[in-house]
Structure formats: structure tokens, C-alpha cells
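I'd like to ask some things about the structure below.
Order of writing sets the chain letters: A, B and C. Residues in each chain are counted from 1.
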Amino acid sequence: MCAAVVEGSDVYLYHGTGVATMKFKSPPVNSLSLDFITEFCISLEKLENDRTCRGVIFTSAVPKIFSSGLDITEMCGKSTEHYAEFWRAVQEMWLRLYGSNMVTVAAVNGSSPAGGCLIALTCDYRIMVDNPKFSIGLNEAQLGIVAPFWFKDTFVNVVGHRVAERSLQLGSLHPAAEAHKFGLVDELVPEEKLQEKAAAVMAQWLALPDHARQLTKSMMRKAVLDRLVAHREEDIQNFISFISKESIQKSLRMYMEMLKKKKS
Amino acid sequence: MCAAVVEGSDVYLYHGTGVATMKFKSPPVNSLSLDFITEFCISLEKLENDRTCRGVIFTSAVPKIFSSGLDITEMCGKSTEHYAEFWRAVQEMWLRLYGSNMVTVAAVNGSSPAGGCLIALTCDYRIMVDNPKFSIGLNEAQLGIVAPFWFKDTFVNVVGHRVAERSLQLGSLHPAAEAHKFGLVDELVPEEKLQEKAAAVMAQWLALPDHARQLTKSMMRKAVLDRLVAHREEDIQNFISFISKESIQKSLRMYMEMLKKKKS
Amino acid sequence: MCAAVVEGSDVYLYHGTGVATMKFKSPPVNSLSLDFITEFCISLEKLENDRTCRGVIFTSAVPKIFSSGLDITEMCGKSTEHYAEFWRAVQEMWLRLYGSNMVTVAAVNGSSPAGGCLIALTCDYRIMVDNPKFSIGLNEAQLGIVAPFWFKDTFVNVVGHRVAERSLQLGSLHPAAEAHKFGLVDELVPEEKLQEKAAAVMAQWLALPDHARQLTKSMMRKAVLDRLVAHREEDIQNFISFISKESIQKSLRMYMEMLKKKKS
């Protein structure tokens, strides 16, 4: 048994009795900046290499938001080199999460668009607070951008081809109850029961022998993981050429303006 | 904004305010003859190339039938050359529909077996009139023939592998309510609300930026489209050798006899 | 029309009017020993080659159990050669069942874990007795072992990726009602109606022309069947090296001890 508390600027990590909890706390909206993702990957790697740690629960320390997804400022008005570094980090985060040997549980205690939804999708189990104000989905199309193929593959593996096709084309953000209805989240609970439920689910999954569970998980996810590994550099080049287009930059600037106006 | 009315023998086309409506009117049952398909493809190509047109609604001008599917007379007692020409046209229709950059909505106002069901399956969204007398499905097996692999791929993408396996083997025609239950159609409406609903759905899909929606749609459908493109000639040869078998010809003749008796 | 009764030690076979019934009767739990599987494959091959036989119903002659799955004693403390022979037989059974040209119906009249569930999954249709004491699932992970990729492929084809991922990782045994809810079985019936229902379903499937139904079935299952055929020897080697591990042998011995204690 181990117990450790690691506190970073963005990720608060508590680890005891074989299960770690990663709390996102990068106000105001836990956006996935390059710094956040880097710290996230380092924390995850530590846990992965710690043989006493068998599971990790992801949740938010910021009220009403799980994670707002990729930080748009990292994709706007930056250099080609920066885009490459950022996208490689996003890929790395996904590869580590989707391929994790640990049991991963998302305790979604707020809205979770785009990259926030992706984090939840990579987990073994998704529990969401039963609040109609919280929504979740891969809404990239709403911003005029396109989720990469590995976001799509992860989504299809959870909700199936038809639901994914419709939801991705419409850039839908699904209220919690709707997300639960078609399996984007596995379970809804009142906010005050969330951590208790996450711990119970974790215990259920940890009751299985690690090696059998890990081999099974790997068997289920290998095809999709391998696809990105095989096309990683190509995917980075695609991202750079897409995001560098003036029309896309304009779309992102407009979206950020809209967000600012919404706040004030 | 554009407004145009094109009227052919089989396809009535109205196009205004960015959305076209294609009404099938080839009585008695809108069967997909070579002539029909040819005209259909030409109309579709025109719309696709018309930058003012962003969406198309498919519906029927013939009461009680959306489309009865491929015209069996084109597959019975004709020359090898004719079979090749006909099958290439069917492939072309599917490639254009499934790969369309436009938003495509099927407003299914009647029964829709076989190739009629395929047209609906290629659309982005399917609305069907809530009438238990109207049914939809890929019922080829009932006729003693087999849906080609790209009909099957399209079907699996909509309803999943299990439902497709069972429905294709049984050649099932599903009453509207059943089709809705397992996702073969997305929504049921009373007949008098169909066009209004189709327009509302279209508006919802057109609210998204075209380029993001189109790239997303292409990402979802590329694997299945590429498969036919890669095996197109082989698929034509398979069709010819299958349909030329005396046993298949006999099955089709019997089916046509049965249809004639049913009518009289 | 043919009528034949073949009675072996493990498999009771009745065949008349085009439909055979295979009753498993290897008490106490119909475990799939090498002998059982060998006889099963021989019976199946006979039926497959008998042109008067168009369908087969699988059910159990042992109360409360359909089949307990692969016989663990075949995987414990035996020679490498034995493991190879056993695994090749298991593969053979699956290849014959999943690729059968006959209509196959599972009449699941008892619990059906692991390999027992696999037999049901290969069928065209699954009917289960509506008894909350009967459960079904691929629970290999509970034993510390891993279902091979073709068990997984068969499962995904029936229940979809998400349900399969969760169920396989947890090694879940689903009570009949739950199994029905997510499509692992197609229908629940009271025990006294099981054979009647199986016959009715069989009649429905046999109403279709054999050649169209068979070609359709083959089209749906070919990709998954081909994968094992292409990797058969590799899969045997994987099985041998996995099962020969001391840690796995220990897990299996513990599981057998637990079963023995449960009984007494």
C-alpha cells in the first residue's frame, strides 16, 4: 500500500491504497494547455510505473466543469513548431490514457466538451453527475474544426458508428441524461454520491486479476491504438496544415470572441 | 440563394434557399430502373456542383411507396452487357449518395424495401411516416438474392453488426415502429408533419460550418466508400455471374409472378 | 426428409424433418473436454454434409447448465502437445459453428459461462430460459485467463464493442434478463416453452431460400472467420505459452479448488 500527495499547478494527485485520484484544477475551465497536458502525462507515467498503483480516478476540482478540452490559445496565432509540439503532446496524452494498464474511471462532475469528453472516453468506466446543466460531447464541428480520426475511433468504440456519425457531424453536446441514454456515460449519480460511486466501481474492477484484465483491455483497444502509432507524424502534419489555414484561424478567433462575450 | 425547378420523367427536383428536394415520381412503385438511376445521378451531380445548394431532401411523389428498390426487370433475361451497365449505375448512385458533401435527409413517406431502403441508409438522417403499413428493410434474401457487401456495410454502419446480420439473413421488412426501435430510422412523424420535420432537421444540420461537417462525414464513411472503389470491377463481375445463374433467374421470375398475382 | 438418431457418450443427436437437435449430455456440467469437442465436431460435420439437414438446435440434456465451457482439466498439468491438440480442437469447433451453412439456434436451458457462451454466440439466434438463476457470459478474466481474439470478435459482433469491452474485462456472468437487455440473447422464454419456441424460430429462418441465406451469413462472418484461419498456428502457440506459465497454472488450480469447495 502506498500513500502520496503530489500537488502541481494544474493536477492535484492523491494516491493511496492502490488507487490514485487525479483532480484537474486549472481554473477557470481546466482547459488542456500544453503545460497542463505535460504535467498530466508526467503524473500518469509516474502512476503507471508505480506497481502499487492499480487504478486512477479522474475528476475536477473546479466547480461545474470537468475539462473544457484543448486550449484554443495553443492553436491560434502560434508557430508551426508550436503546433507540432502541442499536437504531439495531445497524442501522447491519448496514447497513455487509452493504453493504460491501470483501471481508469472518469468521475465527470461538470461539463466536458471536446478534449474533456475525450479524456472520459478513454476511461474504462464513466460516471457523470446527474445534472441537466452538465453536458458532454465531441463538439469540434461547432468550432469549425474536425476531431482527428483517433478521437473518432475512441468515440465509435463507446457509442457505435451511427451515434458517433450523427453526434460528430452536429458537434453535439449532450446533456447528462441524453449522454447516458445512448451509452456515452455508463451511469448517472447525484453530485454528492459521485466519489463514493467512483470508489465502488473501482473496487469492482480491481477485484479482477490485473494480468487478465490488462491483456483483455489491450486486446480490445490495440487496433485503434496501433492506428495512431502507425500514422503519428502524418497526423501531426495534417493538424498543422489544417490549423494553419487562415479560414480555420478565423473560425477559432471568432469562437474565442464569442466565449469572451458570453462571460461578460 | 438560388431557385430552380427541374422536372424529369422520374425525378422532380425543386431547389431553393440552399436546400433541394428530390421527389421520386416513377409510378407505380418508384422502382430503380436504369433510366431512373441515370436521371437520379445526373440530378445529384448538378446539385453537388451547385455551390448554392447545401442540402437535399429525398421523398416520394407516389402514394404509399418511397421506392420499391432496384427494378427487377433490369436483372431478368437481359444481356451480360446490360447487367454490367445496370450494376455500374447502381454503384454510381450509392457512391454519390453515401459520399455526398451535401446534408442528405430521407423523408420516407411509404414502404422502402431493398434499394429503396439503401437510399434512406445513405442519408445523414432518416425520418419515416408513422404508419404501420409502411415497412423498410434490405429484403433481398426473400427474393433469393444477396445484398452486395456495400449495402451490408452501409447497413452495419447504421444499425450495428448483430441487427444487420439477423435482418439481412431473414430479408426482413420492418414496420416503421420496429425500424425506429433499432435505429434503422431516426424519427417517426405523422404524414402531415413529414416535410415540416424534414425542413427542421435540415436547418439543424445546415447550422454547422459546411467544411467541418463535410470533413467529419467523409472521415466516418471513407473506409466503406474506399472498399467499393477498390473492388468495383470485381463487384460487377460477381453480380453478373450471380444474376446470370439459371436458378437466380428462376427465383426472380417467380418473384415477379407473385407480385403480379398480388396486384390482380 | 430424413430421420436418424445418433447417440454418443456426450452428444445426443436427433435429426428429422430437416432439423437436427444436438443435446449436450456430459454430466455434471457439460464441460467441453477434448473428447466432447471431438464428438461434437464429428456430429456437426455429418449434419453439415447431410443435404437433407438444414438447421440444428443446440440444447442441454443436463438440468440447469447449458455448458460450463472449456474443461479446465485439459488445460492444467498437461503436456505442450496436449495443449496444442486441445486448442486446435477448440478452434475447429468454433470454425465449424460460426461458419456453418445450417441455421443454428441456441436453446439455452441453463447457465452458460465461457466456452458455453461461445457456442451460443456462434448461433444465428439465441433463446434463453427466463430464469434469474441462469447466467451467461465470457467470464474468462475471473479465472485469471483471457478469451482469445476470436471469442472477442464473435462477442463484439453480437453485443458491440463497448458492452464487450466492459463485460470481458470484468469477466461478467449476466443473469438471463440482463443478457437479454443488451442483446447477448435474443429472446427469453419460460422453460416449458423453450423447445417449441426454438422450433418456431427455426421454421422462420428456414422459410428463406438456403443459398441466399447462406451467402448472406458468410458475408457477415467472413472477416472474423478469416482472421483465425490466417493466424491459427500463432494462436495455438500463444495459447500454449500462456497456459504453460506457472502463474496461470496456479490460477487454474485455485479456481478448480474453489469449484470443488462450492460443491461440497
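Here is the rule we go by: a residue touches a chain if its C-beta (ideal position, glycine included) is under 8 Å from a C-beta of that chain, and two chains touch if they have at least 3 such contacts.
All values derive from a computational prediction rather than experimental measurement.
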Across the interface between the identical copies subunit A and subunit C, with over half of residue numbers shared counting as same and under half as different, the residues used are different
For copies subunit B and subunit C, the superposing rotation on Cα atoms, rounded to the nearest 5 degrees, equals 120
Rounded to the nearest Å, the gap between Cα centres of subunit A and subunit C is 38
Residue ranges of subunit A touching at least 2 other chains are 160
Listed in rising order, the residues of subunit B that touch subunit C in the complex are 140-147, 149, 152, 160-162, 164-166, 168-171, 247, 251
Within their complex, subunit B touches subunit A through residues 124-125, 156-160, 183, 186, 204-205, 208-209, 211-213, 215-217, 219-221
